[in-house]
Amino acid sequence: MLITEIERFIEEDIGYNDISCTMVPDKMIDAVIFAKEDCTLAGLDEAKAIFDYFNIKAQTNYSNGDELHTGDIVFTLRANAVSVLRSERLVLNFLGHLSGIATITRRCVNLVRLYSTARVACTRKTTPGIRKFEKMAVVAGGGDPHRFNLSDAVMIKDNHIKMMGIETAIQAARCASFTQKIEIEVESTSNALLAAKMGADIIMLDNMDPAGIIRTIETLKHEGLRESVIIEASGGIVPDNISEYAKTGVDVISMGSLIHKANWTDMSLEISTDN
Amino acid sequence: MLITEIERFIEEDIGYNDISCTMVPDKMIDAVIFAKEDCTLAGLDEAKAIFDYFNIKAQTNYSNGDELHTGDIVFTLRANAVSVLRSERLVLNFLGHLSGIATITRRCVNLVRLYSTARVACTRKTTPGIRKFEKMAVVAGGGDPHRFNLSDAVMIKDNHIKMMGIETAIQAARCASFTQKIEIEVESTSNALLAAKMGADIIMLDNMDPAGIIRTIETLKHEGLRESVIIEASGGIVPDNISEYAKTGVDVISMGSLIHKANWTDMSLEISTDN
Amino acid sequence: MLITEIERFIEEDIGYNDISCTMVPDKMIDAVIFAKEDCTLAGLDEAKAIFDYFNIKAQTNYSNGDELHTGDIVFTLRANAVSVLRSERLVLNFLGHLSGIATITRRCVNLVRLYSTARVACTRKTTPGIRKFEKMAVVAGGGDPHRFNLSDAVMIKDNHIKMMGIETAIQAARCASFTQKIEIEVESTSNALLAAKMGADIIMLDNMDPAGIIRTIETLKHEGLRESVIIEASGGIVPDNISEYAKTGVDVISMGSLIHKANWTDMSLEISTDN
Amino acid sequence: MLITEIERFIEEDIGYNDISCTMVPDKMIDAVIFAKEDCTLAGLDEAKAIFDYFNIKAQTNYSNGDELHTGDIVFTLRANAVSVLRSERLVLNFLGHLSGIATITRRCVNLVRLYSTARVACTRKTTPGIRKFEKMAVVAGGGDPHRFNLSDAVMIKDNHIKMMGIETAIQAARCASFTQKIEIEVESTSNALLAAKMGADIIMLDNMDPAGIIRTIETLKHEGLRESVIIEASGGIVPDNISEYAKTGVDVISMGSLIHKANWTDMSLEISTDN
Amino acid sequence: MLITEIERFIEEDIGYNDISCTMVPDKMIDAVIFAKEDCTLAGLDEAKAIFDYFNIKAQTNYSNGDELHTGDIVFTLRANAVSVLRSERLVLNFLGHLSGIATITRRCVNLVRLYSTARVACTRKTTPGIRKFEKMAVVAGGGDPHRFNLSDAVMIKDNHIKMMGIETAIQAARCASFTQKIEIEVESTSNALLAAKMGADIIMLDNMDPAGIIRTIETLKHEGLRESVIIEASGGIVPDNISEYAKTGVDVISMGSLIHKANWTDMSLEISTDN
Amino acid sequence: MLITEIERFIEEDIGYNDISCTMVPDKMIDAVIFAKEDCTLAGLDEAKAIFDYFNIKAQTNYSNGDELHTGDIVFTLRANAVSVLRSERLVLNFLGHLSGIATITRRCVNLVRLYSTARVACTRKTTPGIRKFEKMAVVAGGGDPHRFNLSDAVMIKDNHIKMMGIETAIQAARCASFTQKIEIEVESTSNALLAAKMGADIIMLDNMDPAGIIRTIETLKHEGLRESVIIEASGGIVPDNISEYAKTGVDVISMGSLIHKANWTDMSLEISTDN
């Protein structure tokens, strides 16, 4: 996290006149941050960067992706009381939000592993302003971050196809740069086949049911095109139905719901002694 | 939304080389944004600001807080194709995230209204970087935004009390400025009574069960202090148990879960004609 | 002061090519900052933050709000000569400007204390870009910072009343959030009474002469409403007439002139030895 | 004023939740800004930039530097009520602060003109963050802005001389760039003579009394060096004693007090009709 | 170009007190920008964005990538004189710098086309702060922008290999995300073969002479791995020797020299009439 | 270099997900940066600031302006591997670009020194966003930075003269501020003479051939005006013809080509040991 980012977050949470923080005695305190529910941990780097900014000595025994149980102490802190109070909410908001994302991701990855080695990926449906942190939380949970923005892979979506057609779109994308993979979103087996023939690197089967996905993969195999493409299933996939997708043989299962339906993990900061 | 904010969000979503957007034909298109599930709408101002930035002509028949049904068209758009594609994900992320918050808020408000006129409020547990938008989504859903940051009301929490005691804390807060209300978080009836006597404006009963809340309110009434304070219940309140709190007679029910457990509303942008 | 703020101020004062600073010998020097006139000190935190940024070792025996006499040494410094010269004007501008504000504030507070415990407060009439520092200088001088911006208390002013009427305005404000006090600006006793009945938290008597203020307070007492509101006098109050307002029994005397008519305190940096 | 600057000022004054502005009826209003005391006007460009940002139609019959009398209408405005209320304080703070500076500058210039064509200049003692606006206010009042920062002229001050001596300092400065004038601050006639011989472009006689200044100028004339340098008097000059300096024959009189002792001009915004 | 970017560039070029611009008469003028030497044009979008910001009406008959001859008029302008003068240098710096890059790129592309369809690409050796503009200038000249930063493709370079070995590095990269191509920099045929077997998408032959490249391609063909990888030649390639690389059969020729050795195109702005 | 600047450059080069950097082992490494060709060194301060930001221990035996030979080690580094890889390209881009500028500047200065003490200066034709670094590279090479932006000296150019005439322009500029030198660009001896008579400080002979320059200087001498002005030659001067200008007796030779035709110096970072 850049210093300019940290300061923007601090301004948001503190404002101009933080009476409650400044009225406390100016002394060193000890504190802990602990989990109030089981979770997969994420957000450690963000927390550390914020503690550093405030000159708070913070120690942890955990790494991103570790499984925590209720009561586990994530950080032990030693610092000036004012600094701890100023950092508290910001750190907890990052830890709680990002661990929530890691937790649902881990759960999905575990469900998939029963049937498949497919990757579980998020999408560009992320909270404005903190995408990179959310994607790293997905990675902490064992998932794949997928592309970060419009520039790090070419994705040809329904609206592009409507305007240009599959062939033109793929050709234009290939022209643009040899460094980026070309992903295309299709809704039918025939278009998946066409895209594979045109040389797409990744074919996303959008809103296709598991049966349709299986049929599409069979068709691609039959045409000898299965190995040259990565197959991604997407659209309406949630923990409750992810197993069905895992069984289809796709390479990637991408889910907006890793972000959309993640509930924050409850964590708390407690001043353990005040001497 | 400030232009500097919009540009920060755009940089995050677009990056440096958005091949997929720039390869489409340079022509005017029509498009619609529609709801794919029922929701309480929020995020209209953010969407309009983004459309303005991109010179996209956008029309809506709705206001923040309106109830939408699956299929309702939130915006009709007319603009250059590149601009629409560049704005698409950012606008949908705001609409989806904020409408999700408004939706759960409205649901809670409606549950409370069966028993009480108590306000439903969020907290400072918000996603870093977009608090003001999330709080406005709570308002769209009929809720109260609560304080925005450490500076717009004094809140004395458990950690402050541990370091200073209730009396010292309230006195320090009163000294600081006559313009801000003083809220104090207590966990027992006796401390609630002490806080009321000391002149706190708002008493937050933290993690107190409904029976305890009722007893506390009775005690305050008995001491003639009920009218001079606002009573807020907080801690572990979710839609499933909110009715029990509504029946206690508190003035405010505050819930981190309006943000933490909000699921995004699914919305989509479709290019309706491309002529 | 945030690092991003410090750097903005540095860019303003230094520009791109500070020949005069860079041509001096690269060696450690000692220097002092001293007061060239009596004052109430403010700006220590800003000065320290700037010294920190430049790796200047700075020591002071004073705290914000201390009374200084001509010749008192505010800071002793030890650092690289270039750093001292680069920080000099910026630090002196903060110390001089903010101490000037603290000094006039202290003078007003002392005048009021002869007759009353009323608070002396500033307003939102502050120099664009540095409000938070100016408000803290008022606090250093013993004053109250009043609200910091449009969001940390609701103030209903003449222009609001002209458009909405007192009742509608107060009702709208009460609806908006339970966390903020509602202040209303009135120019007559009858409106003060109306505002108190409507539940305003703070009533500002705008441009009312001391006799009018006394009459208004009497009327409120008579109606049993004096205790439930904070009474603030404002408009045209300066050190020369503040005593008359102090005698009226108001709770707060607010003065744009704490900023508007503050003269800077003269301070100087002198390199004491250059070995 | 840059958009990024305007937005920073707006954030400072509005914050995140401006209830008072948003609760007013959403309609077009007319308003005026008028002077509540005589002044020399400055800040028009800043006001216009802010009005533009808020889409407020603003008209004025005045230019920066015009003399205003109590009651003169500076701007007539027509716009949405919310926008007017959001811009009000920020615009008035610029107009009031900057017109105060222009007013004292004009007064000094008029005093000087009785005896001399000397320029009246400000210094780098300006309010952090808004130097360029304050310097332009000095220009509006008929003054000279002097250098803007450490990079747009070389000024050799007492602390430089203490470390390097006059000769070395001037030589180093001349080496640095041919594009910048070299100004040197001296406190004695002999050093003024030395500086002139070394080729300084501007000699600032620091804290020298009028008699000393006259003697120094005589000496320079005697040595044939008067025409090749600009002579600037500085240090402790205020309106009350400026005439004495004007009579000495200096070319420039520079005064921190144009900023330090400027009192804001009182201006007010009034909604004239609300239909 | 974002508004925040434009304003940063403007601040750099204008500073706080642009006397030369503001002293000109306030009237509308016509002006032209013309080429003073033959070039391949780039920078039109940047120029237009700057003109827009200054409300300058600008027309051009050209597109990025067009071939210009000495005297060709790139833009005709109509605007207020002050605005034209303020924008002049910034626009010319973009046009001159970027057209210089497009010109050398086009020259290289033309040389390659005599023998091959290989792409000519730049690298991450770009001027700090304006990479995206420089890469787009390469595209204007017919080149490939290559990756924009460390995040939009994985490149395994000599230093990575030294620390991890080829196998470990490629495996780690494949694990990280399915959306990014993996490029590896090798200096020998045997390592190229190993990388291809490990599934690298792009193999960069670093500092390999044309004969070595030909041998390596032959070996890959012999192993049946030529079709599955993109072969990129890099290291010390300049216009004078590019033909030798074009003849080797590589897919991509990447050259830091498209930026490093680009000379600016000379362009000029001339006020054509001033009525 | 400000921290906000460093972070902007880092964001540009790293992006959101630098897989290649983060996958390397987390251990301390040693590395060196060395020159791959002879050069005049510049960019040390920028490199050090970046290393500092990344907590990289960096040592150098050189100063800006030193002559380096192929193989010379500019920096020895010791740090965490990830930090070194993250800083590598950014540091090399600064060192390579700026040393290229210093190198051509030194070459020009050496050519001039054979005949003259004239300064070699750059212009405002610099790469947008990094002018201050480029100008300092010119200084490192022994050149003069010339003015940094429109505000640190007044330059009256052809377009100003076309609109205002020489006399009006110089008078307006003299009025504006006594702190800035006035430079005027002329194309004829007669205008040079007129400008000198009007009191211009610097006369730039634009696109005048050496013979014309000699004639103009003679004319000025004849009129007794040579000593009161600085004569600058500019326009089309490159290393190949600079000697001819050096012989004319001008005071300054300014060249856009110090930036425009500078080729980057090739430098490389090598991990020397990885234990």
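In order of appearance the chains are A, B, C, D, E and F, and numbering begins at 1 in each one.
By definition in this document, contacts are C-beta pairs under 8 Å (C-beta built on N, C-alpha and C of every residue); 3 or more make two chains touch, one makes a residue touch a chain.
These figures come from a predicted structure and were not determined experimentally.
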{"item": "Lowest number of touching-chain links that must be crossed from chain D to chain E", "value": "1"}
{"item": "Chain copies touching (chain A, chain C) - same or different residues, decided at half shared", "value": "different"}
{"item": "Chain D-chain F separation of Cα centroids, rounded to whole Å", "value": "32"}
{"item": "Inter-chain centre distance, chain A versus chain F - centres from mean C-alpha coordinates, in Å", "value": "45"}
{"item": "Averaged-CA centre spacing for the pair chain D and chain A, given as whole angstrom", "value": "52"}
{"item": "Chain C, residues touching no fewer than two other chains", "value": "3-4, 15-17, 131-132, 145, 148-149, 151-152, 177, 180"}
{"item": "Of all residues in chain D, those that touch chain C in their complex", "value": "8-9, 12-21, 23-25, 29, 31, 81, 84-86, 88-90, 92-94, 96-97, 100, 124-132, 148-152, 154-160, 162-164, 169, 172-173, 176-177, 180, 256, 259-261, 263-264, 269-271, 274"}
{"item": "Chain C contact footprint on chain A (complex, rising order)", "value": "3-4, 7, 10-11, 15-17"}
{"item": "Of all residues in chain A, those that touch chain E in their complex", "value": "119, 121, 144-148, 151-153, 177-181, 183, 202, 230, 251-252"}
{"item": "Contact footprint of chain E on chain D as seen in their complex", "value": "2-4, 131-132, 135, 145, 148-149, 152"}
